[in-house]
């Protein structure tokens, strides 16, 4: 596996940078004859898009996508599907020049600069969350195919800033909104956790030893920017159960010995507060490597827990469908 | 990636079953001319071996290994290294026949049976922790090579049954030992958490996008039997920090944007209580798929947190060295 | 390796169909800071383009390419390079409708139809030589990087229709041109052989056992449409030498035991006559699977030996650079 | 793909050296419940073994194999199959010491020495044909599974030293035997060609673009020591046909556009004369890199065309079954 390709039989390759004219994805290894639902792709992209809520960046991302290959008369041909998404509003950030000169703490700026020298970390460059739009578009196709096999995937916010709740509950949403507003008023950002469930997976999906279902999903989800942890079933809470009480389906998270066990797949992921804030930080001058306290005038999200849910669903779906194909063919 | 091979340039393939005559590992893609320290391999295997402590199984695992290829005059030749470890005491379990007829809850027995039909899940079969001996032997070589590059990896127990502590502290060890004894007296097992740190990794190791350093390590560590969760740096605690306070090196866990950031790599993993206990459980009769309450008379560990540490070190080392080779060659 | 991606560390993914609006390539895993020579890319694309010679199709392929990611200020950033090439003149073929209804002999039409059902084989679809434009553009970058390491690759025509010669010799070119004209006057096409040489490869490039230098290049070159055979060094002629006379550098083709031996790399490849002719052929009606003699009114090449040379160079360069990176890093 | 592993879903890993105590193969990714025919494995290994014919080395290779994992009650369990073959008679070569000091022309000795420094090229070391015993044992399993799907693979000698014939014809065999005797009387070795056919492959096996059926088989077969060329169907002879006469099934070799076309798969491979002879050669002293004329007193084959046939069948079967699994699952 190379850096920009994920999967064994079903392979996703992502390209583009946050400041380029377009980003995109190539999804190779799909079955042929499957009807693509563009509206569903749009709906999923809309969930990832910056919203009118106070949690989102003011950056405009229209995410109009174009499928340039692999689909004929609305159905997959079996050839690689290329999805292109133009970047709008991509060069107007006031902070662009500053960003090329200074490395922000908590960002990938410095390691990227040290490794690549010639890299564009404006807007996050290659490490930008912007690329997740291409992942969501491709993942939507995997979700549609899984759905046709009876498998449904759903990711929801379960906590923000330590306040637990359920995204479907309006009271919780209001409480979270208030909390984000409070952080925002101080120029600060906040993180949380999301919970992902998949129903309908038959027993036996996953490859024993190294490509266990939970190991592959962990790889996939931990590759999403801002995700700092993942746990299946009872997860980090398992040490509070004894062996015989930890053996139920809710505890397993739907995976036993690396294979789906026929029950609901369930995992939680930790979403860190985005490191771009309005607060003065200790930046590194890339010219002389000196530290300097400064404020970056970048647009940014205040809480990405909501926008990250479709990305988690996308990476989970790509993992499950790849392992399905490995076992059952296309 | 196939089920039994891990890595891109440095590739580990593991074979064998817990009831076979031997297990083993093939480690391919190493540099040549590196002197192998067999004593260090033995020391690391000894840490994984069932001990005299009350936490361990009474199963005898001598783990005498033999290197059958890839080493000449004590140094790597660049050819794949094959390590073979005989299974001793492997057929004497009283529960063997029963195990072939019933699927235990919390084990991989049922999904394996449904998928493979003809599989040997006695002693855990292919999903057995026994195979981690081969992983540790191979991982020890990766650790030695990393050490020659200035990178040191250390994994320790940080909690057992909810009691936090530090494995190096004798008081903590005593408290944990008492706790395990208490669980054991009820025929029960207990889980915990381990913490792994790696020092000396230069900035820039890891592949952006999908093969991020933390994503690959998550894949590797989550593939270890009994691991149910992983978190880097502030991990699941990150939601209690605001964006500007979460940007320090301790919070990043040593990874920014998927690349090592030059600070200490640090993650925690959750270890579930082993599902084999002395308590009656609801097993599934594989003949008629009926449930039946029964007790399995198997030898088992009471807490594997201590034995799992070298396995976590091994998988972490293999991940880092593979990504190192990808960037810098052999 | 999936169908549309080639390589281990340096990975080429190709997308698009001959009838779509654009084709393209994503080249991932390159070193950063390397200055891209667009003019050299254009020169190489021009060699692949249909020419004014009587051997070429009258189809217009302008092959203006655009690099949409991975390059900043003219230098690689280390991020995946995406190259997009618009298809001009792509829907105007008179034969389009007929082509969707009938499978031509000697073409991939029938196996593609049987496997994919919903596939676009107009103009060759996914199996089309058109996609080699994207391969050449990406390969040109690999060639430039190899050149900076002192490695030069050159592929030339060595025979057409059984007439041996040297592409650099004008007399030979004239003889070949006359031969192609003769075939063309009968509505027929003709094949030949090409010879590829690479100088400057140090000893030791290639991976023993399965990823031998010659095995990987064979995989790469045999994946080019119309290539039917490959031989290194003395190749199929080796049976006319005894063991001691076959051991010279010219005989080895520059590879011993799968590793470059420090001498010139040299192989020949067989190029079949394109199966699209103006002669009536036995086509298969995809509706009822009945045979029917018919003539296809498609534009086509009369001899692709000349146009295929840059494609062979591209695939060879990608193979060598990937194996170089595997051994020496980026 | 790393050097010692071949395949995507079905993966073969080979380990061992010609002078070690044992060699072996790990075959991962097989379906479960398939009954293994050990006698068929033995028969195939016997075809590869040095025979009483004058063409073979006097080295004793008993090739008694042991399956140490992945098989239960005679059937595959789905776990990786490990096959171990002890090396007998492996240290008795008179030339051993000399071989460590000098690099023979036409052998991999020099490139291996330059790359690995610490390598054991006695008896060919890692580049030795000895490892093909492990490939044949693993390949026999793939052949058995393909046979259960109606696919049969057969490789035969088609020429020795330029004399064409058919291995099944006794007159041809006698002529070849005389020719080998003639070479042998001068201390010389001789090469030839082999032809491999596979029947029963349904249309549509192979992955378009880079993992074409013929490209993957070329990779596989060209990785066999001593193979210097491969051609499918009309191959290098295609330039003597016009486009419309080259489009028949015999010409395609059973592959169109990289997919099986439903007709017989057919390719030829060139086998070089083994470079180990009794004739004085210009060896390189690895101490001072000076040339020196010398004779190596090694046992060796006089013609390996006969012994190589089962190896070609094995690599072909592994390629086809891997591509089958990729399309149809296990």
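Letters A, B, C and D mark the chains in the order given here, with residues in each chain numbered from 1 onward.
Everything below uses one rule, namely that contacts are C-beta pairs under 8 Å (C-beta built on N, C-alpha and C of every residue); 3 or more make two chains touch, one makes a residue touch a chain.
Predicted, not measured: the structure shown is a model, and the values here were computed from it.
Peer 1: Would you mind naming the chains that touch subunit A and likewise touch subunit B?
Peer 2: C, D
Peer 1: If you tally the C-beta contacts, which comes out ahead, A-D or A-C?
Peer 2: A-C
Peer 1: Farthest from subunit C by Cα centre, which chain is it? Let me know.
Peer 2: The chain farthest from subunit C, judged by C-alpha centres, is B.
Peer 1: I'd like to verify one number: the distance from the centre of subunit C to the centre of subunit D, where each centre is the average of its C-alpha atoms, in whole angstrom.
Peer 2: 27
Peer 1: CA centre of subunit A versus CA centre of subunit C: separation in Å?
Peer 2: 37
Peer 1: How many angstrom lie between the CA centroids of subunit A and subunit D, rounded to a whole number?
Peer 2: That gives a centre separation of 45 Å.
Peer 1: Taking each residue of subunit C in turn, which ones touch at least two of the other chains?
Peer 2: Answer for subunit C, listing residues that touch two or more other chains: 2-5, 8-9, 14, 78-79, 115, 126, 208, 327.
Peer 1: Give the list of subunit D residues in touch with subunit C in this complex.
Peer 2: 1-6, 8, 12, 14, 105-108, 110-112, 114-115, 124, 126-127, 131, 159-162, 183, 186, 188-193, 203-204, 207-212, 214-216, 218-220, 222-223, 225, 228-244, 246-248, 251-253, 256-262, 268, 270-277, 279, 281, 327
Peer 1: Inside the complex, what are the residues of subunit D that reach subunit A?
Peer 2: Within the complex, subunit D touches subunit A at residues 8-9, 78-79, 208, 325-330.
Peer 1: Name, in rising order, each residue of subunit D that touches subunit B in their complex.
Peer 2: Residues of subunit D touching subunit B: 2-5, 7-11, 13-17, 20-24, 26, 28-29, 32-33, 68-70, 72-73, 75-82, 115-120, 125-126.
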